[in-house]
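Order as written gives the chain letters A, B, C and D; numbering starts at 1 within each chain.
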Amino acid sequence: MILEFERPVKELEARIADLHRLAGPSAELQGEISRLEDALESAKRRIYSNLSPYQRVQVARHPDRPNFRAYRDALADDFYELSGDRAHGEDPAVRGGFARLSRSGHNVMLIGHDKGADVKSRVKGNFGMAHPEGYRKVRRLYELAGRFGMPIVTLVDTPGAFAGRQAEERGQAWAISEDLMALARSPVPVICMVIGEGGSGGALAMCAGDYVGMLENSYLSVIAPEACASIIFRDPGRAAEAAAAMKITARDLKEQKIVDEVLPEPLGGAHNEPDAAIEAVGETLGLVLSELSDVDPQTLMKTRYERYRRIGAHAAAGQDPALS
Amino acid sequence: MHRRREYSRSVPETESGLGPMDSVFTKCEKCGQPVYEKDLRARFNVCPHCEFHYPLSAPERVRLLLDAGSFEERDRGLVAADLLGFEGYAEKVEAARKKTGLDDAVLSGAGEIGGRRVAFAAMDFRFIGGSMGSVVGERVARAIEMAYADGLPLVIVSASGGARMFEGVYSLMQMAKTSVALSRYMEGSWPYVSVLTDPTFGGVTASFATAADVVIAEPGARIGFAGARVIEGTTKERLPEGFQTAEFQREHGMADRIVHRLALKGDLERLLGFVA
Amino acid sequence: MILEFERPVKELEARIADLHRLAGPSAELQGEISRLEDALESAKRRIYSNLSPYQRVQVARHPDRPNFRAYRDALADDFYELSGDRAHGEDPAVRGGFARLSRSGHNVMLIGHDKGADVKSRVKGNFGMAHPEGYRKVRRLYELAGRFGMPIVTLVDTPGAFAGRQAEERGQAWAISEDLMALARSPVPVICMVIGEGGSGGALAMCAGDYVGMLENSYLSVIAPEACASIIFRDPGRAAEAAAAMKITARDLKEQKIVDEVLPEPLGGAHNEPDAAIEAVGETLGLVLSELSDVDPQTLMKTRYERYRRIGAHAAAGQDPALS
Amino acid sequence: MHRRREYSRSVPETESGLGPMDSVFTKCEKCGQPVYEKDLRARFNVCPHCEFHYPLSAPERVRLLLDAGSFEERDRGLVAADLLGFEGYAEKVEAARKKTGLDDAVLSGAGEIGGRRVAFAAMDFRFIGGSMGSVVGERVARAIEMAYADGLPLVIVSASGGARMFEGVYSLMQMAKTSVALSRYMEGSWPYVSVLTDPTFGGVTASFATAADVVIAEPGARIGFAGARVIEGTTKERLPEGFQTAEFQREHGMADRIVHRLALKGDLERLLGFVA
């Protein structure tokens, strides 16, 4: 899939490839090729370093973007998957289990939204939108991690909670709330990485911890930009505006002090160079884990309390608007 | 078939919840019977003919549930800061403040129920659809912290259309904020009672409103995460009669009791008699 | 309903009533009436004090036997019912809530199987056989009681766990196990009263506590006598034999030190004089509650541990069979 | 249609689980292919053609899962006391003891898995259908207590047709006994791993076998509370294909993993590497 704003880059790439083919071993077209390569480089830099918030949303949604499976396979020596909520079902939209990180050797409870690898697994995993049994499995895994003193690492990548009949029948609001409560009282480090989409309460159920990192082109939003536009502007076509207005990019959120760190992506986005993006996440994970591993549970929970307790955009009446 | 009410229609424009302030009587949207405004008001917006529960404002909720004169409002004067500069938000807040006389979509403080002191918060759907922004999150969190510090039972009455999108991710984070506060409170052994009223959706339902020891819902109240119209739009599925009503939620194991509004104070007094 | 062995009694009662009608105000038939009344009295005594185990099972199952609703209404000033498992459903087969006992004034978490009052409510409550959501509601109530330091009182009256497809699909074994685990770690007094049927794991999920009392004609069994007979004797008709062999009556279980007390029933069984049976249970409850209320959580849990830890019919090889 | 196996047919009469002890080869009940007894034995009763998992005896389970030579049996010599004098029970126990060489339907003790010391128990379906009587309850409880006292991971492999009716309520009470022991153990932070094999039903499933941190099931194993035939008899409902199989239970959220028997030791080693 080629995104609209990627088109100039892709066209240049195609032309360069054509010329290479035409030129063969001869040096005749080398001048032209060099010229185009320079143009490509500067087009990339121009386009990708000025992505609008909504363009970043599109990058975050790119089907070739490395997803949970890619991170799991690349970052963990071993992933011992656990399943089931012990009450209703097993939800493939979200996966979790014990993982040994190959880089740092840390044992963690690794949990992530699974957007799948192909049409079949995407459908099966409901495109990364969990059902209540998924949230309940996650809570079970949070509690297991706590029981074994093992840090929790979440990889967030979901369009959001699922607007579906069965999800409501089985109480998704209750299930999400239980996840948030479980995270609040977890005695182990909770490390959250937004690797793609961070949509609504569905994302938050896995994105409230002691460290929250976001890849440069990921987003975290209370509602999908399209839905926001259709409610507030009464026009889903104004999604780009809504995305900008809600300040949902990694950099915006770093500025709002809601996330700790923006992890840079390779030029062109993680889908253009998956290994580099995964490597960046893995490296950061190792550093954060090392830092948080020594913190005692009481301090962890107290710090986490204060972290979330302070987030808000409110002020005493008549005073300057400022973070409380 | 039961006509699905639209949120916009059931937003009470007046204290009584129906009709313009100066009208003497109005027509019940549910049963079509004529209703005197003063009768409706005397019954806290419950139709005297069909017992339909219209939304109730936060100040009326205080009058309904707390012992007369016992309410001490806390954290008055906290207002939305519009840190994102979201187009039209400041005006919206200003208009809602004027209309309701409230700072935001929640009223909170301490009070007594049947002589027992409680920490109390009630949401108000008239204020931008009861949406949860930073002020709602902050006042709810402070009410919880007061309950924790003073060892009080906690009673929260919810009514919310969902998130306050104008506040972006700040709005989302109020779920985490109220959850950390509540999680600490629940380590103690004071009771937390959540009352769900029409409508309660979105981030409120997915955080503090459902994590209670006892969940009470008003009859017919629509409660859920995603609204019915959104679900029908997404899945193209026709939803069954009574979907997401209080009765539906009780049958699905999500609520303890359905309690008529006019019996609610008595019900809370009974409950607090056991656990407070 | 008249049970087979009650027939002589019922016949005598009917004849006495007939004679009363015939005799009217005259004294003519008084002699005959007196004679029959003596016969009735001795028939009752003879029959009811020698009920076989299986006859007691039939008494325990009698449709007119006072059930949860009767106890609740008679013993509690106030019953504040709680519902739902917060995951799937509300199961009317088992009910629970805060109750204030009128006799002793104790606040308790009162939980019981509800066999219903009429055909409709009997069917709705699945004849007192819980589904997994019922067991899960019960666990929630156990935990609530623990949270508020409120003693748990259970009234056990179930034919057993339900042999049904949906009960299996939703994991009734898992749900029962969670109830047992929750009871084991409950920090409050757990008082169990078998008021009728105590069938299998369905009963045990509400019948493992610090005190277990049984009404004289109740039973507690690992399997229904009919099912036992059909498996072991390959003949469901030999249920009476199975009932006797499994030693399932209150007195048997008192002897086996599995229950603490046998509560006597009025002559003819609780269904003949419900108020007296209910009164007996209420009185015992008050006494036991007063006794256990002062015991600290650690002692309660330790004593409960030892209580269940020691129950067993095993021996070291070559030694006399005896309780370990 | 998949033919439903009868318990009686799948009771292994020999170590290998199929056919009389002296036969050289037998026919797989599942796929019909001829199988050499020694092949079956080498594969721990998994058919080399169709991978069907036949029941495995407790001693073979020890051989399968524990490091060679590491098993130390505990509580040998505990036997059923027949306190009820149940007709035929004493003889049944005696016959089962002779047939299996075991004291009762469980083998328990300490051992090592991949060099890690664990408390271990394995049930044996050959012994009166793996029914849970007092000896099973007592030995399982003692294994749990040993794990608690010594701070060891706990691994229990279940196989049970249900309760030991011959022991009456004593049998039922083993559920409570194992649950109190397990509840105390689970307050610590050693892992409990339950392995469910064909068949696991009744009181075992409704007590210790499901209350684990990690639940592993063997492929195709039938697991539940009430057996399929009982349910069909009670409800007259035709049960769907695959009802109560390990795969069914995993799909319903009740088990973490389905693990092939020949991969089971490796799987446990991986797991213990994380949590032991």
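A few notes on this one:
Here is the rule we use: a residue touches a chain if its C-beta (ideal position, glycine included) is under 8 Å from a C-beta of that chain, and two chains touch if they have at least 3 such contacts.
Remember, it's a predicted structure, so these values are computed and weren't measured experimentally.
Under the contact definition stated at the top, the chains bordering both chain A and chain C are B, D.
Of all chains, the one whose mean C-alpha position sits at the greatest distance from that of chain C is A. Looking at C-D alongside B-C, one finds more C-beta pairs in contact between the chains of C-D. Averaging C-alpha coordinates per chain places the centre of chain A 32 Å away from that of chain B.
With each centre defined as the average position of its C-alpha atoms, the distance from chain B to chain C rounds to 42 Å. Averaging C-alpha coordinates per chain places the centre of chain B 52 Å away from that of chain D. For chain D, the set of residues touching two or more other chains reads 252-254.
Residue positions of chain A touching 2 or more other chains: 86-88, 136, 170-171, 174.
The touch graph of the protein chains shown belongs to none of the named shapes.
Under the touch rule stated earlier, the contacting chain pairs are A-B, A-C, A-D, B-C, C-D.
Within the complex formed with chain C, the residues of chain D that make contact are 77-84, 86-87, 103, 133-135, 137-138, 141, 162-163, 165-177, 179-184, 186-187, 202-203, 205-211, 224-226, 230-231, 233-235, 237, 239, 243-244, 249, 252-254. Residues 161-165, 167-174, 176-178, 180-181, 183-185, 200-201, 204-205, 208, 220-223, 227-228, 231-232, 245-248, 252-253, 256, 258, 304-305, 308-309, 311-318, 321-324 of chain A are the ones that touch chain B when the two sit in their complex. Those residues of chain B whose C-beta lies close enough to touch chain C in the complex are 189, 191, 210, 213-215, 250-257, 270-271, 273-275.
Taken in their complex, chain A has these residues touching chain C: 86-88, 132, 136, 170-171, 174-175. Contacts from chain A toward chain D in the complex involve residues 78, 80-90, 98, 100, 107, 133, 136-137, 144, 147-150.
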